[in-house]
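Shared between the two complexes below is chain A, which has chain B as its partner in the first and chain C in the second.
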Partner chain A sequence: MELFTNQVLAGIATGAIYACMALAVVMIYQAIDHLNFAQGEMAMFSTFISWQLMQWGVPYWAAFVITLAFSFVGGIAIERILFKPLAKAPVLTNVAGFIALFAIINSSAGLIWDFTIKQYPTPFGSAPFLGSQLISTHQAGMIGVTVLLLLGLYFFFQYTRIGLAMRAAASVPESARLVGINTSWMIALGWGMASAIGSIAGMLIAPVVFLEPNMMGGVLIYGFAAAVLGGLTSPFGAVVGGFLVGIFENLAGTYIPGVGNELKLPIALALIISVLVVKPAGLFGRHIVKRV
Partner chain B sequence: MSAAEEVVAEGHQAVEAVPKRAMTLGTGTSLVVLAALVIAPVFVKNFIIFQMTMLLIYGLAVLALNILTGGSGQFSLGQSAFYAVGAYTTAVLMEHFNVNYALTLPIAGVVCFGFGFLFGQPALRLSGVYLALATFALATAMPQLLKLNFLEHWTGGVQGLVVTKPDAPFGLPMSQDMWLYYFTLAVTIAIYIFAVNLLRSRSGRAFMAIRDNEIAASAMGVDVALYKTLAFGVSAAITGIAGSLGAIAVQFVAPDSYTITLAISLFLGMVVGGVGWLPGSIVGAAFIIFVPNIAEGISKGLSGAVFGVLLFLVIYLVPHGARQVAILGQQLAGKLRKS
Partner chain C sequence: MTTLLNVKDLRAYYGQVQALHGLSFSLNEGSLTTLLGANGAGKTTTLRAICNMVRSTGGIEFDGKPLNNRSTESIVRFGIAHVPQGRGTFTNMTVEENLQLGAITRKDSAGIVSDIERMYAHFPVLKQRHTQQAGTLSGGEQQMLAVARALMLRPRLMLLDEPSFGLAPLVVRDLFGILGKINREEKVSILVVEQNAQLALELADQAYVIETGRIVMSGNAKDIANNEEIRKSYLGY
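The block that comes next holds the complex of A and B.
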């Protein structure tokens, strides 16, 4: 039983990261109807920035905040410069754009910081949390930061004017434009926030998976799985999906013989495909009807 | 937001429509290209022959993706998985069962056709980004699947398998590399002719009808489900054959040769060559083979960045890739002739 509780808690901790990635993916999907294949690489790059800052002697939390700001501005810049001109292009062109971004970021991180694996510090320490053997303080910290982030986002979207404007721009762009919302900038803002959320996920998972240019590959696939499970049209669903996928991953790794670490990605693949086949809209998503 | 609430979305077009006639080259140009491909190896060193072989092999793989995307309008970021299955089929057959290398190609083709057809079943219900996502996940998961413990006896696990390079038959006086080049060239020509005819046939028209408007196609009596999976199957089969040839040419298969990077390269090759323009496949293949070589020569790890930047340039400046450049060239030549 203790093993079970242990695995569920560990699953919630990694699930928090998947939830962040899924949320970032969904935010961009809501804004422009495309999946950002470069989301993981953007997060990885941000994490490297924070690492570099710490190498220069900046304390952890200061580096954390600076990285957030950098990611936010970076996300907006990427949207303005690279993806705004593609808004009306066919899906294929957009997919190509994301793939190109993926390649550029991955390769330039390798060029700047090379491909060796680096240790990344945790501000929470790795002692057992509150003296219990079930969960480490870093895992508890991961969950704590994510919950704070989610609450913050909830209040932002529910109770601020700009949050409301972003929701309006995402769900009915034409009407939003008519009531004077600058939908184009709302999309850019969505990119900035998605990028910042991704960077939080990157900085929290880096002590676990270690820092290197390919560190987010698996995390992104699980983020996609979480977003698909929860429904690509539902931010709430993405978060729930993230935690579910995290728990599922840990339990499958523990109890299904032969799965372990080496089958983690195939499991995510199976999960994505089965959700898409059985319930394409996901658990909380809306059904999309195409106009002929 | 209830689950029952329905949103009506304006359909983004997946791929820009390419007219059927614009998909191939004229007879004269084709013959010139063919002659160049046949004569070239006589004059160059073995290493360059090897690179030309790889060019044809990647050309085939890009062609396969072109049939899928340019023809039927479906995406795949998972071509590396089919390529890997083809390569492993050949390697396992040759090394464990001593099957002749030439015979392994059709077998790899059939195996990959089956794999692609089956993968096409769930993919049927997906379109656009969802399909890109599912195939992306497939490509990411493939190396781990190939490393599986219970397959290790056959696949050699992480270490992979070494493949013996075939000698020229009938005592022909040519090096292994040169024989392999002509062998690959013959296979490539056969598949190219098959692809051109396929797209001109009834099935090809069905693919294009689905690409341009799925609902209209089904209203006209096209069996959408069948043709979509068929396109996946055919594409996978050709990619698989390319994979087999690749395994023989490189003489080695290992899980980490078939990562998402390969799938991205092939996708990039298609975009650079021009989506839906079959001869562009070879241009795209040349791009994905030679650009990284040059970039890695300058600095390690640079190739990804160069790829990405060039891809953006292509998207912005020549969205139809090499086809657009070819058309521009033709027009320019026409103008020069007049003046």
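The block that comes next holds the complex of A and C.
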């Protein structure tokens, strides 16, 4: 029983990271109808920035905040420079754009910081949380920061005018323009926020997976699985999906014989395919019905 | 009477296809003007061209200022509210959020709150359903919501694209009654595009008839309604 509780709690902790990645993916998907394959690399690059700042002697939380700001501005810049010109381009052109972005960021990080694995600090420590062997303080911190982030985002989208405008721009762009919303800037803002959310995920997971240019590969696949499970049209679903995937990953690794650590990743892929076959809209997604 | 909207030699294109062939008309401040015409005559295109939602050439002046080459969202800030065909409801948001979105360019939060109450007075059914998802409203209720959303801008000019489309005759009567009241009491100028010519002519003071992208007839709404030849050849009733 203790093993079970332990695995579930650890699953919730990594699930929090998947939830962040899934949320970032869904935000961009809502805005431009494309999956951002480079979301993980953007988060990885941000994490390197924070690491570099700490190497220069900046304290953890200051580096955290500077990195958030950097990621936000960087996300907006990527949208303005690369994806705004592609807005009316065919799907494959956009896919090529995302792959290019992936390669560029990945190689730049390798060039600047090389591909060796680096230790990344945690501000929470890794002692047992509240004296319990079930969960470490870092895992508790991961859950705590994510919950704060989610509450903040909920408040932003539900109770602020700019949040309302962003939701409107994502759901019915033409009507949004007709009430005076600059939908193009709302998309850029969505990119900035998605990028900042991703950077939080990167900084929280780096002490676990260690810092290197390919650190987010697996995490992003779990993030995609979470987004697909929850429904690509539902930010709430993405978050729930994130936690579910985190728990499922751990339980499958523990209890299904032969899965272990090595086969955890194919489980995420199997999950994506099963959801797409059985319930393509995901748990909380809307079926898009178009009148033709 | 001052001219509020002046459209000169408007030509609009969908790709290579030209939809408007040099259309000119004007609308006086405070008037309720209707554009009539058959399917495909160019009524919707005219409204879309005013808001720069379709490629066009020619002159469009609002209150003496040219609107050409401005983005749709900046044209809204001149005080032009467009109720599009199909109503453009934000279906996955609540009725109240839809109304707030109508006022998203305004800064006076107290005025917005009181305007929402004013809309509920005009359209009591919206008050009953204010927390409901707008997509669950009936067609008539969504049309009322669309009009209310447009009014939340406190517009000087409201463009309405076939407000009667798909609504029961009684609901249409209701809606047109409210439009007339808004025009008279709140001094909002209205340009309404309609296929239901009979009803539109009862409501409007000025009327234009469009055929294949050109104005073929214009005048006082009463005169056009009383002219049997025009009625038979262009309006089909």
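Convention: the second predicted complex is superposed on the first by the 289 of 292 C-alpha atoms of A that agree within 3 Å, B and C clash if a C-alpha of one lies under 4 Å from a C-alpha of the other, contacts with A are read in each partner's own complex, and residues count from 1 in each chain.
In this text, a residue touches a chain if its C-beta (ideal position, glycine included) is under 8 Å from a C-beta of that chain, and two chains touch if they have at least 3 such contacts.
Just so we're clear, the structure is a prediction, and the values are computed from it rather than from any experiment.
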Practice problem: Check the residue A:2 against both partner chains and state whether it touches chain B (first), chain C (second), both, or neither. | Solution: neither
Quiz item: Who does A:174 touch here: chain B (first), chain C (second), both, or neither?
Solution: second
Exercise. Check the residue A:35 against both partner chains and state whether it touches chain B (first), chain C (second), both, or neither.
Key: first
Quiz item: Can A:106 be said to touch chain B (first), chain C (second), both, or neither?
Solution: first
Quiz item: Looking at the overlay, does A:286 come into contact with chain B only (first), chain C only (second), both, or neither?
Solution: both
Practice problem: Could you say whether A:183 touches chain B, chain C, both of them, or neither, answering first, second, both or neither? | Solution: second
Quiz item: According to the contact criterion defined above, which of chain B and chain C contacts more residues of chain A?
Solution: B
Quiz prompt | First, second, both or neither for A:165, with chain B first and chain C second | solution = second
Quiz item: Of the two partner chains, chain B (first) and chain C (second), which one does A:89 touch, if any: first, second, both, or neither?
Solution: first
Quiz prompt | Touching both chain B and chain C, residues of chain A | solution = 171, 286
Quiz prompt | Touch list for chain A against partner chain B, complex | solution = 29, 33-35, 37, 82, 85-86, 89-93, 95-97, 99-108, 110-111, 114-115, 171, 217-218, 221, 224-225, 228, 233-234, 258, 262-266, 268-269, 272-273, 276-277, 280-281, 284-292
Practice problem: Quick one: which bits of chain B touch chain A in the complex? Just the residue numbers, please. | Solution: 1, 3-16, 69, 75, 77, 122, 125-126, 128-130, 132-134, 136-138, 140-141, 144-145, 147-150, 215, 260, 264, 267-268, 271, 275, 299, 301-309, 311-312, 315-316, 319
Quiz item: For chain A, which residues are in contact with chain C within the complex?
Solution: 161, 164-165, 167-168, 171-172, 174-183, 286
Practice problem: Would you mind writing out the residues of chain C in touch with chain A in their complex? | Solution: 51, 53, 71-74, 76-77, 81-82, 84, 88-93, 97, 100-102, 104-105, 149, 153
